[in-house]
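In the two assemblies presented below, chain A is common to both, partnered first by chain B and then by chain C.
Up next is the complex of A and B:
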């Protein structure tokens, strides 16, 4: 039994990628869950909001790179991020004013709002394609690795190497900071408390003099910020392709529902549950098992499901939660 | 659903006039050749045929949304599943494929479904407690291992069978028209499974669950080579109508074409398209007839009562979830039939083509624009939007060229001209939002 090597393989191929992916999903799911909590509908345009924010960030990044600005070892995209967030927030506020407000005032059924969000998704999708095209774009620069395989092997003398990409480390660090700031905002500031009160009981919040328009505006700005950050981190870690941002909608919804729609803490937990299940179920465990039990020769790769079906994992998790605990792990709302 | 759907008086000539305008558009497309229209009956009939298939899909979606207020975001999946039917039913059997692993595949699938059924029964029958969870887990794990042990070798054996040409299980060689019904059955089965889980919860959940099943069905078709060759595509799906090449070589047809003063090639294309058109029209009219009869029956009134006020209907003793499941399965079956028809017309099963923007959301635009809850509205919306969608491919760049005319030549102008193809999505999104906001009852409102 070679536990050290098995552990390194596990960390390298399962734990680190899943942690980074989980952080990205968690940020995305936080946006979905906030909009659900305050505006009370599932926002199908969230994936394309992420794509739009990322596209703007990429364009600004290219501009900065052309000017010769860089952040040294960190990706230049971090400098461009505030511009991306501002543009996305502006777009979100405009869509709210032009589309969602009408139905909110009418107190239309949630499903009508969902449908309107599908229309917004179309629009944003087209806008993103117009801005940047449909092709895959890579925009990560700066240092590629925090730890690379060769150094790690030299350092530890192990047979297996461990690579920690700087984008993965960055993802987790940024996610932690953002989540901390969000919870500080929700729990400590007046506006954050107003948002939570509005989410818990709309009528009571209105009675106590909370301005609903302000709460809604704030929600959109925060959700747009979260979406842009999640999108940029995902794009840095993998690559930017508009269609992938549509596809990531399913894992994000799964994460938000697993945690309980409307519960921020649940969204984070859900993001990691979905990410770890997805990676663990589609990873071929042969190598890890080979180190742990050298005498056992299994027939296959010990892969539970091909990577093509990674979306099926989110779907199955979603189904299981809907079957057994429709309110999610953290008791969100379900009506 | 909003409970403010009151029938207001709209002119009874509205629908016939709109259909007439649509017909004029198609006649223009067929006869006038200028910057806007192609002037070719082949093109016009091609658009119309696909428009009719879209219309049948829209009818299925309209049953779910218009009758019951169910939001299905996985239309593409049910279409794709329906499209599998012509491949499995109508293509010629593949030599050696069945011997290689056919029975084992079926056994494996049966084992998989049996495991799930057994687990569901165990969950229902046993008392709450830790034992129940452990038994459930044991059943699922044992079932999964057994399923993989039987299924995987069978798949490998089938895919190894002449992989360059086949490598799939092959069809049954039955008439292709039969496969249309089978496509409906496939889609209905998938809809039952999804609906069983997601209905009865919040309305958003069905939307999210159907989004998931849609993506998964398309992923299965892309990756399971034994089923329909995956991305390698299945060609030569038999046709229910004549082949152009046979017509062109037939002397009687040649003289027929001469009498119409057309080339044999053009006439044969039109002949084939009209044959399809008649088949599609028959299906469309049968579906509409059944749907209208159902809608006017006590069942239809009950469905609308449930849609307009679920609580009241439930208080009157209606089983809302069961009725929702019923109409969801029926609507999906219609979508599946349309999927099978589409693959039959194309003669090609190419799973990469199943794009949700094109096959789910465009269908939704059709239903909303046409007038949800009204079958004729769904048909009108489908054919109209499909016509505009196709023509926007030509009109979009032309319009863009006009718009950027004042701009100086350079990067921006070139970029805008290049990306005019993307304008279609923006246009469709705008149409959906505008209709939803300003004319939520659509072009032909529900009566």
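Up next is the complex of A and C:
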């Protein structure tokens, strides 16, 4: 029984939150890594692209709610998601046309593109705030829980409860579907293969008749889609606040770099590595240990770092990876 | 020589007769920020008192009172300092109702109000640090220190048979002061605080903080935070993970917003906030209703009293100069003298103009103790069936 209790505590406070957060980071990191692989620069505006996409989705969600449309137990935001993706893709394409294309045609050094993306980041920052304001918005509706604590306790008779929020389950399910679709697209379709060829060797790809403009367009549309989905899932699970989307950029980059920039598989692995480290390092293990070793009475909470230092964990992972394995776990490009 | 004398005499006469002036009063509250849902009712309270006095025409030979608003943001000390600076140097206010939160109040008092010699009466800054601050007798508050709230909260919790609690506080002067004074009082009375940890406002997700609190355990969770900020986030995460189902809410959390956020999910929880009972309060709530706002809002009555006290002290000192009237605030607030309820400010002015004494009771049974802070009566509230109910006063 004690082992079951320990497992439930672990699942409730570590595994489930970290898995949902990891899936959100992985989707964000996929967008970053895709742009890095194909367009060859680190897109700092990715966090704010997520915020913009989410803001549009929220506005459409409100519209749908006002019309009385709902998806039953699922959040209405899923219906609004395609509109959000379309708007974000349009914005990304306009930005590419107005900013990045100029530097690409000149074959500017990647660092110049990175700096341009910082400018774009601030612009999108402002745009999102003009659109929806700076306040926190909660737009999750439908059923809140797949399993809630009270039911779980009644069902199992365990001392500890387990909660699985529907947004957490939804996040993981959607992430799996999106990742599967992305890999299918990259490996099986003509456009996907063209994108990979362009990423491997730009000149060879051009020689074999691949239209570079089309590849760039596809990349932006896919990246915008990934960003919007990641943003909406994050917002559904937690809450939408533009500033938090700016902050989430750091763990996303940590995830992409840990996995290896340019490697989609690495981005997914990196997302989960960062999420699990953040949660596991700031989690006090006292309760879990208490169930497993009832005789041991440790003095403290068995917490490696206070929760205030959550963000520091991504920094440390970033620095360690850059020092010891700059290409990341899955052999992306070194940064 | 004769001409000069005559001119001087005439000058003195004119100066004496021209007593009526336009007195500007600053209202520096957090209209944006973590307590923004409370600020409007507080402003309305302060303005109600100013209007009442201004309309009576009895203050300093018919002087009028004009309120000037400023946004103190509650959370950003630099912004609050700039706001108070503007009120004092540009608007030339004679006194300020504010600030709203403890940290910003300390900053604007020390940096601006004290050097300029302007009186500040805060309706809602409750940090124990403000009791001992060096203020040149310029700072007062119509709310009690959190040292007192810590005592009251301990009693309420222990009376319900709860001996183990976890505490989380918002990471600033208010939160830390309240959490520490509560822990000291609770442990002295025989309770145990399993953990006393901070949370930062404005995060998307508080599951990590709640996980730490849950690991330490406790029969209830004391949330010394803000309802528009991390406080609600903590409660949300604690409910979702089943970490706690009973919460204790101090003054920063108790409000309609809390009920709107959680409805019946927080049934069985309880809390307290400063609010007096009695005739003064009832009268104030009725007056507020007539003026079109909710007088039961947290700290709204305190704001009314803060503004009244300052203006009545001016009448008692026969001057709107802060250096003159600051010494009279304690006099008008406390006995001896005629008791003054809300809506009787004109009567108070008549008595003061006639050289008499008043004992301002106001909307919150004002009794200033120590360095000029309210002695403190708290109302105890419980949450049941998705509603907040007042169950008693302490």
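Everything below uses one rule, namely that the second predicted complex is superposed on the first by the 333 of 335 C-alpha atoms of A that agree within 3 Å, B and C clash if a C-alpha of one lies under 4 Å from a C-alpha of the other, contacts with A are read in each partner's own complex, and residues count from 1 in each chain.
Everything below uses one rule, namely that a contact is a pair of C-beta atoms (placed from the backbone, for glycine too) under 8 Å apart; a residue touches a chain by one contact, two chains touch by 3 or more.
All figures in this text were calculated on a predicted structure; none of them were measured in a lab.
Asks: Based on the superposed arrangement around chain A, label chain B with chain C as either clash or fit.
Replies: After superposition on chain A, which the two structures share, chain B sits beside chain C with no clash.
Asks: In the overlay, work out which of chain B or chain C sits against more residues of chain A.
Replies: With both complexes superposed on chain A, more residues of chain A are touched by B.
Asks: After superposition on the shared chain, which partner residues are touched by A:119: those of chain B (first), chain C (second), both, or neither?
Replies: Only chain B is touched by A:119; chain C is not.
Asks: Answer with first, second, both or neither: which of chain B and chain C does A:283 touch in the superposed model?
Replies: Only chain C; A:283 stays clear of chain B.
Asks: With both complexes superposed on chain A, which partner does A:148 reach: first (chain B), second (chain C), both or neither?
Replies: After superposing on A, A:148 lies in contact with chain C but is clear of chain B.
Asks: So in the superposed three-chain picture, is A:244 touching just chain B, just chain C, both, or none of them (first/second/both/neither)?
Replies: A:244 sits against chain C, while chain B stays out of touch.
Asks: Once chain A of both complexes is superposed, is A:189 in touch with chain B (first), chain C (second), both, or neither?
Replies: A:189 sits against neither chain B nor chain C.
Asks: Please work out whether A:17 is in contact with chain B alone, chain C alone, both, or neither, and reply first, second, both or neither.
Replies: second
Asks: State whether A:308 touches chain B only (first), chain C only (second), both chains, or neither.
Replies: It touches chain B and chain C both.
Asks: Chain B to chain C: minimum CA distance in the overlay, Å?
Replies: So the smallest C-alpha to C-alpha spacing between these two chains is 5 Å.
Asks: Do chain B and chain C land on any of the same chain A residues, and which?
Replies: Touching chain B and chain C on chain A: residues 306, 308.
Asks: So in the complex, the part of chain C that touches chain A is made up of which residues?
Replies: 171, 195, 197-200, 202-205, 207-209, 211-212, 214-217, 233, 240-242
Asks: Enumerate the contact residues on chain A facing chain C in the complex.
Replies: 12-14, 17, 21, 144-145, 148-150, 153, 161-163, 165, 234, 237-239, 241, 243-244, 248, 278-279, 282-287, 301-303, 306-308, 310
Asks: Where on chain A does chain B make contact in their complex?
Replies: Spelled out, the residues of chain A in touch with chain B are 41-42, 44, 99, 102, 106, 108-112, 114-116, 118-127, 129-130, 133-134, 246-247, 249-250, 253-254, 257, 261, 300, 306, 308-309, 311-312, 314-315, 318-319, 322-323, 326, 334-335.
Asks: Taking the complex as given, what residues does chain B use to touch chain A?
Replies: 1-2, 69, 71, 73, 152, 197-198, 201-205, 207-209, 211-213, 215-216, 219-220, 222-223, 356-357, 361, 364, 368, 416, 418-419, 422-430, 432-433, 436-437
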